[in-house]
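These notes concern the structure reproduced below.
Think of it as A, B, C and D in the order they're written, each chain with its own count starting at 1.
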Amino acid sequence: MRDISRSGFRDHPSAEMLFVVSAIKRGVSLYSYQEEFFLRTMSLEDCIAHAASIGALGIEVIPEQSMTGHPHIPDDQIAQWRAWMEQYGTTTSATDLFLDTKRHRDRWLSHEEQVASVRSDIDLAVRLGAPVIRAIINTPPEVMRDAAPYARDNGVRLLLEVHAPFHYSHPWILEHLEVMHAEGGVGLGLMPDMGTFVERFPRVVSDRALREGGRKDLVDYIVDLYDDHGDTHALMDIVHYRGGGPVEMGLARQATHFIYRDPAEMLPHMDLIGHVQAKFYEMVDDTTEYSIPYDRIIPVFEQGGFSGYLSSEYEGNRHIEDAFEVDSREEVRRQHAMFATLLGEKPSTDSKA
Amino acid sequence: MRDISRSGFRDHPSAEMLFVVSAIKRGVSLYSYQEEFFLRTMSLEDCIAHAASIGALGIEVIPEQSMTGHPHIPDDQIAQWRAWMEQYGTTTSATDLFLDTKRHRDRWLSHEEQVASVRSDIDLAVRLGAPVIRAIINTPPEVMRDAAPYARDNGVRLLLEVHAPFHYSHPWILEHLEVMHAEGGVGLGLMPDMGTFVERFPRVVSDRALREGGRKDLVDYIVDLYDDHGDTHALMDIVHYRGGGPVEMGLARQATHFIYRDPAEMLPHMDLIGHVQAKFYEMVDDTTEYSIPYDRIIPVFEQGGFSGYLSSEYEGNRHIEDAFEVDSREEVRRQHAMFATLLGEKPSTDSKA
Amino acid sequence: MYDKHILIEDSLHSSDGDRTHASVEVRMPYYRGLGLSMVEGVDLVVDGRPIPADATTFTVRGTTYPITGLAEVLDDRWEMGEPARIDFDAATPLGPGEHTVTAVVRLRISYMPVPGGGRDTKTLTLA
Amino acid sequence: MYDKHILIEDSLHSSDGDRTHASVEVRMPYYRGLGLSMVEGVDLVVDGRPIPADATTFTVRGTTYPITGLAEVLDDRWEMGEPARIDFDAATPLGPGEHTVTAVVRLRISYMPVPGGGRDTKTLTLA
């Protein structure tokens, strides 16, 4: 049940209805459980079961992470995966491909080899039952173009992950958009990573710099400048001018890789958007991500008529792992509590509403 | 005589007058002759004489370049300098200070030491008869603030060089502006470097990358993206995704350090502007710098009522030195031919007028 | 990422009687598996002494490769979280008890312009 | 900048009879002079053999400093375009005729976040 009073969904065609259930679906990328999966404290089945238990029924998988033998993953692993999907009532929402252009020490992968690599990952997506594939940001537009027919023939769609610091008017993305429009948007599309909407500097990142001995004044300076959405172009220079060392310079470098753009910039591209990576750094509670304003992002997807998956990507693990126990399950659970509220699945738990 | 038909000086209070002579003065920073001075093919006197010969009567000097023994430059060198100014009818337009915060290998210069360094350079400016001093971009705002009284007491003004990639709405400059406004703009001010108005990618830079074996397609990509004023934020990433090596990555890095801003952004700050570093990369002929649109920059200074020096800073030397003989005199001469035309000193030599 | 999990506790073993051959187990500090040709090296420092790369081998799932030959291996992988055994020759016999071991894993990650990998130092007890 | 002008032509001289001591002149690749405490080093490679820093001295205007001691020199400068003489001990006597010399000048420039300086390689004839 959506609480209209705080949703701000005025432009949505169904805004007048009180008990609308969103067309947007919830899912999890198993990237989110990487800490526990690496340490073997969660099995692959545990990851799937956890997602299912919180109603996140679309499972995004990085085959090179969750399975072995890529790209020739044995049939028994594929069969097991499909059996789990059946058993837990889940579905493969997406697979993530990498493009190892530096596979050979002494030469770059040729264009033909790059296209072949993508085709191989298309085969794998088909075996796993995924309708869309995350194409990593370093995939060149011409490789997307030449892999598109094979994707179409196999009934899947290659979606370029729009990852910070790229955005929808960046030259690299503009080149990709040109290729996608020429292709017709059948075999190609976009997979926005919500890391392009980092409105507040993630405190898990600045807190770590402080733990590593970073100067409080410079850490504050970097965070404040970022939060004011100031020009980070020469931030490393400034921190250097103020006598910053490796920790402070490293934090400044990270600040130049975060970006905040208006989520509405996605609207003109909504037809190309087939899946969303719901990046997050820290769930403060069941309603709020510290950095990324999902309460203003989700209305944009509603307005655009998006009906794919919001797929959790928990990224805080690596920023707290030095000092804290990572609890990926709790972080993912909280994000989905927030999603359920924002999508109108249940009443808001926000007492301030 | 100004050719009104092409000057576009409509907003200038004297635009109706046909034979107005601009209040803006011409000068040269001896930085421009660095190649010949380094190689001892021009003496210090030769540099001054050349500037005077082309009517550039304001001489900006980097004491650490043109003289020896900084900061305790011997009296005889100072006396000789003043004698040359007299002899050639020139004047010391500015001195340039550096702030060696890393003077000690194992520690940063303290705030007090930084202020003392600036005060010492103020003393030197007074000895050389300079009314303004270039404060290098890494000078912190609080050092400017605490050195300002000494500048005022000595009748000189410390001008922060606004150097690319900084600009007038950049956080670092905003902090400086706050200090300048609090100080009243008597002892402090700005020295814009025209390198913030690089509209076209300098071909001397891209040509060198080609000489060093850079891939033509990537060099063209970088130049075109820059010339379209596309977002250079992740340009190095793109060049990397396309298989660029050290030469192409180096060119991409340089592209992120060039910026083009609207020259009109200087207008609100005109009262603070005491001197202008007229950076240039390549004079195509007597009328045109390849990258920087002086024909649209000078009207902004006219409109703002600027009456200080346009001080040549030839920067092309280091980009052609590998393959060509540097002829600093000819480059400076051409820039001043252009200035004379744009300032209305003589009829336009532009046949397309 | 995963830096503190590279060296596996209790994994330091000597593999012969005179204790000049030993092994330690390491995990790759990365969130997916990688083809071995993209593993640029696993450098060990034992009690302050760097172990030369050519005195080191790399073993996954029973197959052993010289560390210096990994660049040529296009048909095998180091999987996510998978322990690899690094066998090495110590210049002098390793005594029983505690040893300070540093492992530096160097990776070639295609989407990163800078080298990938990580570093871990632990005090391990020779079993 | 100025990289190709670092090593001065015709400046390689041997300073003793057995040709194990020699000197070469270098200029600083920078557009202003600099206090010597900011000269991090002048590294020489002669005929492919690196000369150890502690076998090298630095001389300007008649005053000689050990290269390894420049960081402490707060009252002298290397001026713009000024030749400095680098004296060094060669491990083996330098024969008459041509030698390949590389000079790497390393500078600490306060406004730059990365190391400054430059590198030059020339074939110089021992006088």
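FYI, a contact is a pair of C-beta atoms (placed from the backbone, for glycine too) under 8 Å apart; a residue touches a chain by one contact, two chains touch by 3 or more.
Computed from a predicted model, the values in this text were never measured in an experiment.
Two chain pairs, A-C and B-C, are weighed by contacting C-beta pairs, with A-C ahead. Centres computed as Cα averages put subunit A at a distance of 32 Å from subunit C. If each chain is reduced to the centroid of its CA atoms, subunit A and subunit B end up 44 Å from each other.
Note: centroid distance subunit B to subunit C, computed from Cα atoms, is 53 Å. Between subunit C and subunit D, the centres computed from C-alpha atoms are 41 Å apart.
Within subunit D, the positions touching two or more other chains are listed as 111. Counting partners per residue, subunit A has 101, 137-138, 237, 240-241 as the residues that reach two or more other chains.
Applying the touch definition to every pair of chains gives A-B, A-C, A-D, B-C, B-D.
On the subunit C side of its complex with subunit B, the touching residues are 111, 113. Across the interface of their complex, subunit A is touched by residues 101, 108, 137-140, 165-167, 169-172, 225, 228, 230-231, 233-235, 237-238, 240-243, 256, 259 of subunit B. Chain contact summary for the complex, subunit D toward subunit B: residues 1-2, 4-5, 27, 31-35, 37-38, 40, 71, 74, 77, 79-82, 108-111.
Considering their complex, residues 236-237, 240-241, 249 of subunit A touch subunit D. Against subunit C, in their complex, subunit A makes its touches with residues 31, 34, 37-40, 62, 64-66, 68-70, 98-105, 136-138, 317-318, 321-322.
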